[in-house]
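The following pair of complexes shares a single chain, chain A, combined with chain B in the former and chain C in the latter.
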Partner chain A sequence: MNAILLSAVWGIVMMFSGIFTTSKTAIRNVAVVGLVLLVLGNYADMIGYHLMTVNVHKMLYFDTFGLLGNLIAFGSTLLYVLLSGRDMEKVGHHLAEYFALIFFVLCGVAIVTTFNTLLMLFLGIEIISIPLYILTGADKRNLKSNEASLKYFLMGAFSTGLMLLGIAFLYGATQTGTFFIDDLWSGKTAVTPLFMAGLLLLLVSMAFKVSAAPFHFWTPDVYDGAPTVFTSFMATIVKVSIFVGFIRLFDEAFGDSQEKWQVFVAIIAAATLFIGNVTAVFQQSVKRMLAYSSIAQAGFMLLALLALNGVAKEGIILYAAAYSIATIGIFAVLIRMKDYTFEGFNGLARQQPVLAATCTIFLLSLAGIPLTGGFFAKYYMLSSVVATGHYLWLVIFAVLCAAVSVYYYFRVIQAMYFKDGDGATEAEPGLGFKGLLVVLAVIVVVLGVWPQSLLGQLSRLIYTW
Partner chain B sequence: MNASAVVFYILSAFILATGLLAVTSRKIFRTAIWLLFSLTGVAGLYFWLGMQFIAAVQVVVYVGGIVVLIIFSIFLTQQSGKDLPSPLRRRTVFSALAACIGFALTCLLLSRYSSFRVKESDYDFAPDMSISAIGNQLLSTSEHGYVLPFEVISILLLAAMIGCIVIAMKSKPGDK
Partner chain C sequence: MGTTQLLFWFLSILAILGAILVVTSKNPVHSVLWLIVVFVAISGHYILLDAQFLAIVNLIVYAGAIMVLFLFVFMLMNLNADTEPQKNRWLKIAGVVTGGALLLVLVAALKKADLKAQMAEMGKGDIGLIHNLGLVLFKDYVVPFEISSVLFLSAMVGVVVIGKKAEEDKTTLGSQKYGG
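On to the complex of A and B.
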């Protein structure tokens, strides 16, 4: 509850900060203070200290899984604002409002990771989505940004409609008429067509939100058209938080009827892995490649949804951390580049050795090379599916897709180190920026060498229920 | 036939007649206005049933919101003064087919459930449908109160409003 309260209040504080000061540094500092408070507040929630006691009547349920998901989202946002906050100023004039919208998104994130009724899930998803439509179109002079925003809005409205229809079906399928996700299955032994229709509609609409194939068509255009700073936010923090909610929904509400829908998730995961990885190979722009790579990574995260066991829950938390931090780092470097194509990275290692080295670590992590966080993240995903005893073909397929992904990630590394060019950044990056990138790289490596630093805490809390 | 039944038939005839005019009118703007009347008639039907809240929502959302949205989009996209081109033959056939299937489905449902009667004893268990009861529950902090979603919706609306302003506000000339 701390996180929801703090993020909502800080969204309003950010709005007013735009009135009282015009200094962009001051506004950014207010946002940083807010994010630090959010991280602390959420941690306080985990250790059992609450700002105020609110009786939520089981509409929200604060378990460790959700709160840890929050912690990763807020921590990544803090790193993201520290790294890229300066670039947000270049997008447009409403810096304070952009930060306010980001805080509202975080409020939605805190609801989506801890919801216990379909009503709150729907509201959380909407609170995440609506500010994102606006952030996508924040660069008002850029036609591509406008187009992306409109496209995202229309497609998002469509998927919202599907989600509402699914919720209505599920409401009708329960005997008592309830939105509580624990009660949806209670008293049932067989899946009725109405229940199945509701479940599939929810699956489709959530798959749309995490950009899983075949509902991914909006992703490349929106991620490409949106201002790069906000693409970074959407592709990482928002995506992994919705995944936490996605897994929560299917675990709590439909966990008992798992074998009925598992095959659909398997098909979606396979399609996502295939389309994401294969299409990424053909991209010329690094930004667009990263959009497809985010689809491919969503395919891996869907494996956790398929398995839904303890390993999967641990794995998705690790995956969320490793993927978010690495992608935020790459985007932070990409924003500083003059040229977003692969050629633009030519010879970056000679010009900016720190940027190139940290970028290499992030890319290695995304590709899943050992000693980086991405390796263990992928390992957990695969072993969770192996633990179910079925779908071995999907595991093999996922490994093959990961091998394909090495090609396009290494293309950037190759351009940075082995090709000649000027690899120009827009301005000389400051010392703080470089230092933060190194910190991010260190986190990625620590997660890869010693994943228990994060997971130990989680498993201790999950298994002591 | 008592007075209640007379009111029902008048309302139904009104809804059907304006609905028919809405789909047959050749001017798209008039279509929107006929739709407005038809939706108002449906609201009247809800009032006739004694469901004040649903009737009010029907007026606020459909009559006040959706039809106004439709009219705005007509103004933005269509030449509202001109006649629409006559529809294709094939499309007419399929629309007629769809209408017939819809009519058949309604008849089927009516024939199956027309014997369904609400028993007097059911009324004792029926929840209080009055607007004040709904309002109390919406803002109640007790067991079945919905004050938490209510507050969350206010965050949603605030975010949407800020977004509208960010999108619509003109940047000062000379700024990037």
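On to the complex of A and C.
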């Protein structure tokens, strides 16, 4: 509850900070303080210290899995604001409001990771979505940004409609009429058509929100059109948090009927992996390539949804951390580039050796090369599916797709190191920016070299729910 | 067939007919007017289900406020049948096929649905009164109720961000005008 309260309150504080000061540095510092408080508040929740005792009527359920998801979301947002907060000023003149919206999104994130009824899930998803529609269109004079925002809004509204229909069906399918996710299955022995229809509609709408194929059509346009700072936020923190909610929903509500829907998730995962990776190969713009790569990474995260065992839950937390940090790092570098195409990265290594070196580590992690966090994240996803004993074809397919992904990630590395060009950045990046990038790269490497240190604690936490 | 059933069938047919006409009308203003019919019919259903408050709110908010907004948009954009974009024939066929597939699944699901238990309370009269609704809303559902305020607040902030004219715009316009 700490996180929900703090993020909502700090969103309002951010709004008011826009009235009392016009200094952009001051506003950014207020946001950083808020994020530090959020991380601390969430940690306090984990060790059992609560700011307030609120009777939530069992509508929220704070377990370690959800709180860990929160911790990763808030921690990555903190790193993201420290790295890219300065670039947010260039988007428009409403810096305080952008931060307020980001805090409201985090409030939605805290709900989606800890919900216990479909009612709260719906509210959380909406609290995440509506500020994102606005952030997508924040660059008002850019037509592409306007188009992306409208497209996202219309498609998002449609998928929300599907979600509500699914929730209504599930409500009707229970004997007593309940929204609580652990009661949805109670008193049932077989899947009724009404239950299945509700489940599938919910699956489709959640798959839309995490941009899984074939519900991914909005992703490249929206991620490409949105201001790059906000694309970074959407593609990482928001996406992995919705995944935590996705897994929570299917584990608690539909875990008992797993074999009935597993095949659908397998098909969606395979399609997502295939479309994301193959289309990314043909992109000319690094920003658009990263949009497709985020689809491909969502395909990997769907493997955890398919397996739904202990390994999968540990893995998704690790994946969330590794993927978020690496992608935030790449986007932070990308924002500073003058030219977003692959050619724009030519010769970056000679101009900005620190940027190029850290960027290489992030790209290696996304491709899943050993000694980076991405390797163990992918390893855990695959081994969770192997542990189920079925769907070995999907594991092989995923490995092949990961091999394809190496091609387009290495294209950036090749451009940076082996091609001549000026690799122009917009302004000389400051020392703090470079230092933070190095910190991020170190985190990625530590996750890859000593995953036991983190994973041991993770499994201890997750298994002692 | 009692009065309730007669009313139910009348309202259902009215709602479905209205919904079909919303989609098929060439003139967008006609579509909006038919949409009002749909909302009124659904409000009637709410009254049949003893949800009087919901029925009135549905009428005021949807049939009233939102419809007026719709009509304003049409008037401002000057939409009529001529400006309707021509859609690709294949796109239409694909739409019919996917929509039909969804309809098939939903009809099959509802046909086999086991709804013997009476889900809706009918004829008891007081479940949907504001008094009872308020008690439930502020006791059992107080957490979602309060949290939805975050949703509305973020929407309001969004309106300001999108709608407010940036101050720099004025100064640049001014300098262009005077500085030449």
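Note that in this section the second predicted complex is superposed on the first by the 463 of 465 C-alpha atoms of A that agree within 3 Å, B and C clash if a C-alpha of one lies under 4 Å from a C-alpha of the other, contacts with A are read in each partner's own complex, and residues count from 1 in each chain.
The rule is short, and it goes like this: a contact is a pair of C-beta atoms (placed from the backbone, for glycine too) under 8 Å apart; a residue touches a chain by one contact, two chains touch by 3 or more.
On a predicted model such as this, the values are computed, not experimentally measured, just so you know.
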Chain C versus chain B on the shared chain A, clash or fit after superposition: clash
Partner chain in contact with A:T53 - chain B first, chain C second, else both or neither: neither
First, second, both or neither for A:G177, with chain B first and chain C second: second
First (chain B), second (chain C), both or neither touched by A:G11: both
Partner chain(s) touched by A:A197 [first = chain B, second = chain C, both, neither]: second
Residue contacts on chain A - larger count, chain B or chain C: C
Which superposed partner A:E126 touches (first chain B, second chain C, both, neither): both
First (chain B), second (chain C), both or neither touched by A:T189: neither
Overlap of the chain B and chain C footprints on chain A, listed as residue numbers: 8, 11-12, 15, 54, 56-57, 59-60, 92-94, 97-98, 100-101, 104, 107, 111, 119-120, 123, 126-127, 130-131, 133-134, 137-138, 140
Contact set on chain C toward chain A in their complex: 105-106, 108-115, 117, 119, 140-144, 147-148, 150-151, 153-155, 157-158, 160-162, 164, 166-168
Of chain B, residues touching chain A in the complex: 141, 143-145, 148-149, 152-153, 155-156, 158-160, 162-163, 165-167, 169, 171-172, 175-176
Residues of chain A defined as touching chain B within the complex: 8, 11-12, 15, 54-57, 59-60, 90, 92-94, 97-98, 100-101, 104, 107, 111, 119-120, 123-124, 126-127, 130-131, 133-134, 137-138, 140-141
Chain A to chain C touching residues, read off their complex: 4, 8, 11-12, 15, 54, 56-57, 59-60, 92-94, 97-98, 100-101, 104-105, 107-108, 111, 119-120, 123, 126-127, 130-131, 133-134, 137-138, 140, 169, 172-173, 175, 177, 192-194, 196-197, 200
